[in-house]
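For clarity, chains are labelled A, B, C, D, E, F, G and H in written order, and residue numbers in each chain start from 1.
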């Protein structure tokens, strides 16, 4: 049998996409070995969903490690291949409970060299909070909308603005909205056309979707 | 054993609440016998979820029967005990696909003597359609909000107006919003406080909840 | 583009609706900053779903803070704009396990100036417990019914009394009734007409729905 | 390998339990061949969930066949081994929509020689209807309770009477109660102790559970 | 309005049914007050789903309290009104992981004066273990079958023996059988006729269902 | 109260976004009236999810109507405001069963003036089919991936190419993949970063998401 | 970019695996074109899930087409590359309602040249039916077990015999077992070790899994 | 009654299948007693899903006990009846998070005497990692594929290689893929024919399925 195949393995590096390390199900030992492997290639380490205990262990090991506690993310070193663009991303969210997801997206964008701005606490229960900032938000080229509960924010934003919109359901809530599935389904069912949706709490993924768009623009 | 009990069985009649007949799972013969039983007590017959075939059969039998095809409802006779009130109900809905539920609620209110007005096609994807009618809607004492898809309309209305709000999820949609459960969960999870929710497509129930409120006001 | 909009932002305050702070997903630091912001406007702070650890931290900070442990609620200060009404609310529940939800509703009503009375342990497995108190319950203008397990209490009360009824499913139970969804579905499917339903464990929301009704009455 | 096994194959016949034929997924041809096989052993044929088309085909073939259209059951011949007992079964149901399930249970009991009585339309929305017949129902030895929607009837009966109770959820309803699962979960979660539950719409199974009990009594 | 009603409240006591106290969601304080209330009426206290911490607190208070740790049950005092019968119950289970549910059922039966015997580890993966004990099991009048995983034991027992069978799904398993719902659905779908099913892990309820049957026999 | 608001209602038209009419839940009469309303504004009519019967009725009425049967779409007239761009969209799908969704997306893109190309039958079960066309697909600026069953195609494409990717789960399949939810969840869970997902069968929505991106590029 | 890849495309043909055409979601026209394409390569056409209407159309076109109505399969021509083996497969099923799935598996095996034998109606409710045929079944090298309802047959067979077992849940049943998911979960949760499971109703897939095993044996 | 039955109870031992002890729901005391019972028959003890605390207790008791922490397995003694074969099993997995399941399968194979090799981190997001090892993997006779998230690895492997494939969904992920059900459904829906699936995280079961196949080969 013949499986001779020649992929262009350098493509990934040239594009400046960092492979994040998902910290949640990994042991401290696994995280340490993965980090060493990445650093040995002069790449930046970007770990998501890491808790304080694991983070502190790595902070002791690497002097150039930074732990972003509210985002549950840890970064070691710098990304040598940041994208250069004047396009920027707005991250809009309904409440302070969405903060960890919002911040994960923000870090994932910034580590790739993208500018972004958070617009927090613009939930639809008080519509004026969103309306007041609409003109400012409209200056951004891609919109990431994070919301838990019933996730109506994505629909309202999508009905008012014409940019690419990436919606991220957040697992904030209780009862029927406990695990974020209500926000997910609500966003998928949005009557505002053209809203694309990520998995629950997937701030990193939303940033990567925005990155794919920005790269295709730039 | 002693089950001696003395209920006040006349209470129901005095309050003017009509017991609707749920037509969906009943045969023509069952509907005919139930109608005769109700008419023999000089009460009005109100059948919900009745299809054209069953309705036509009853229309042939009773000259004072009216079939409301879009509402899937049939009424025979008149309600002799209508409530007297100047309080009125607004029924707000997002699209023409919500019409059957909206109309079922409307008929159920009117047969009890309540005034109501429909505000159709005020979905949140085009927010201005709602904003334009907000002042008019604000004149009503109880608001029934019917919406399918992601049901965000209830949240937006609930954030702008202070009346009692009864939300009815509608089984319009496809994919994850196919059977109305996304709208139901979205409404239950609303970040606008104090929105009470009915079963999917339960226009009649929403009308009865409004009736309970109006009666307690009047 | 033109987003010039003039909302009546004072409306909310005039109506005396307090915006509760949902304590569950917020850090101590977030709660502290939110409380300070509310207090600086001479408003009362009302935090729901707060645990003992966070509550004790705030109790140390604010001498006029009260922690209601069974309700998982904390209040700082007094509401300067209580509603004035002689209408009152009954909170009916099936068992002592429903207590946290019942008490959250009670606190949310009282902080707005509403009178309310709890009727505990009137579950339908022993119907006489409910029947014995029916005459007393009938004196109240709005009924909140809290129940876990199969939630049949809402149906029985709804069949006997004609007031507005707000049903709150409670996440008490095990097996198929573990997370309160059976009670929720049971209440939504009630064969007693006009029962409006809140999200699981949403005692605060039920109080706000009652407040909307009482305000429309008064 | 040695699988020598000697079961007591006559046991089944001696006990007088008839093996029902489930008609729904079987072709007319399969039903005909199964019927012939049963009749050749001088047994009675009992087919459940058979529609009119299939039933009419068999009615043409067998002069001693009876089709019970409302029960969706067809019987050919007589059961030669009926049980002899003075114990009897009450079948209690909430509404006329539960009729097919109620009648399937009734036929399944009677074909085995058991006396039973139906108590229809005693739903809990109007509690007096049940209370009025409680003394009569109490004369029966096993109670089968059929209910759709929220299935609260089983809980109320189970709290008032001490007989063995077999609850059958019925797939009547819409929205969250559409397929009978809400009634099923409600009955399983009943706060009245000792209520045993069958699969949705399983009237035949409820009758067999009652038969197992009656046989152990007699 | 007239709610004059005269129930026969002594009926419950005369029948010797003990109202169990569900310990899981109750605080130590609530359990203490409920126990005192029951003991003051010279009744036995039977608490289910109580953990070691709460149990030890009550053991310190009441010298006649016994804690059954594997069953998660605590009993204070003796039942003065035990039923007198020579009928007995077999509790059959598939594995040692089902023990807590099996023991809860056993305690609930014995406190009411019923004889019962456990048949443990007779799962269907090794059919001979069941076959070997079939003749012994057949001497019992009511069979309680507890099983987790796929719950096939109920079907196999129900196909071999003709007694009343009460099936209890157990929340043992992982993946798709994690919470006991697979065992529940499997038992409800059993192709062996007349198997009645309880809520997941409801050993107490199964005992009460058996008690209802035994009382109707005796 | 003051709801004075000045939206820029012309914005929608200038951008050339057509509001599609969802034909599934609408009557022929509703479709006719909506079409007339749109045509009176010299706009193109674009109806999705319309069946042959309704389509034929409209084809009789409007000589410039075209019915695309495989796409379940009907178009009346021409779009006067097509976007001008040299960016183009590739629509990749796994099998001929995905055709209706693929074609709905294609029509929705073309009616807005976008160039697109379909790559059909490149499912991952035979990976070479995809690999063979990879170089060609790589020339497109936005990729729409439609797949039913387990939806793995999105992951494989997302791992090989760096464009913006919009994944559309298709309701093709049976058993656990019957309604498209498996494909939906699979796409949301993709281990290839930055894949954004639409509701099941939402070809129109995917086209609008692509349009939002292309507009932000152009 | 460089996607130069050299797969061994002849491998598939040499192994004699036929690519079945899934007929359910395909139009007559699509089926005709696919058939022509396959026949032009001198391959056999094997269509599954085809209804009578589509089948009759193809029967008219191709004189060497055979329609297996109970299996919902159509075959055109002969497989020129049948596998040669003396290993054989037993297909065991619980009832005549499982017939379509059983027959689909049988046809899929035979078209590849494998010997197989069906053992029908050996459900576990009457265990002796299985025990009686155990010695005969034990002569086969791979066992396919098809069962609906609670699917216990797979567990019982898996506990008695040591061959590779492929379990196929069948969508026969009602209530909680309506769509085959209970059988699927039951089989996945089997306490008999080493039972591998296919999608619901996937007789063809089970045959291919057996084929993979037989090929690795032969 | 006559239950005389003669099974061939020695068959199990002769085949060398070890009955694993499922450690998760068992107490230390139960594990100790079960281990003693197995050791007394000179059999090897194989405990799965055992945590460190329980394992350490048993390590203290038995000097020939080995705890495999990453696999959550503990083995005491040696298997005296290992199978003799030159057939071998490849275990392929997508990421280091799948390690516990992969290792459980590996231990379960090796304790029975089977050779196996792990191929880790060959997820489909980077297809070249799999392609690079395809020729090596092709040398193995049975393939076990472990994957979480969207589980696409099984489909890709199944499309490239012709061996028997046993897919194990892994409960790694978050949001919609949290509990492994998305991977399970994805594998069951695979468009690659003949992939057989185990319960979520069931590494032991996959090994036993492989063992059944290898035994039938050898």
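Basically, contacts are C-beta pairs under 8 Å (C-beta built on N, C-alpha and C of every residue); 3 or more make two chains touch, one makes a residue touch a chain.
These figures come from a predicted structure and were not determined experimentally.
Engineer: Shared touching chains for chain E and chain G?
Structural biologist: D, H
Engineer: When I count C-beta pairs in contact, which pair ends up with more: A-C or C-D?
Structural biologist: C-D
Engineer: If you match contact pairs by residue number, which of C-D, E-G or E-H shares over half of them with F-G?
Structural biologist: E-H
Engineer: Centre to centre, using CA atoms, which chain is the farthest one from chain F?
Structural biologist: Between chain F and every other chain, the largest centroid distance is to E.
Engineer: Taking each chain's centre as the mean of its Cα atoms, which chain lies farthest from chain C?
Structural biologist: Measuring from the centre of chain C, the most distant chain centre belongs to G.
Engineer: How far is the middle of chain A from the middle of chain F, if each middle is the mean of its Cα atoms, in Å?
Structural biologist: Using C-alpha averages as centres, the distance is 26 Å.
Engineer: Can you give the whole-Å distance between the Cα centres of chain A and chain H?
Structural biologist: 35
Engineer: Among the residues of chain A, which ones contact at least 2 other chains?
Structural biologist: 1, 3, 5, 7, 11, 127, 175-177, 181, 184, 188-189, 193, 199-200, 202
Engineer: Once bound in the complex, which stretches of chain C touch chain E?
Structural biologist: 96-97, 127-128, 131, 134-135, 138, 172, 174-178
Engineer: Quick one: in the complex, what on chain C touches chain D?
Structural biologist: 94-95, 123-127, 149-152, 155-156, 158-160, 173, 175-177, 181-193
Engineer: For chain A, which residues are in contact with chain H within the complex?
Structural biologist: Listed in rising order, the residues of chain A that touch chain H are 1, 3, 5, 7, 9, 22, 24-26, 30, 34, 49, 169, 171, 179-181, 184, 199-202.
Engineer: Taking the complex as given, what residues does chain A use to touch chain F?
Structural biologist: 11, 15, 17, 19-20, 141-142, 162-166, 184, 188-189, 193-200, 202, 204-205, 207-213, 215-217
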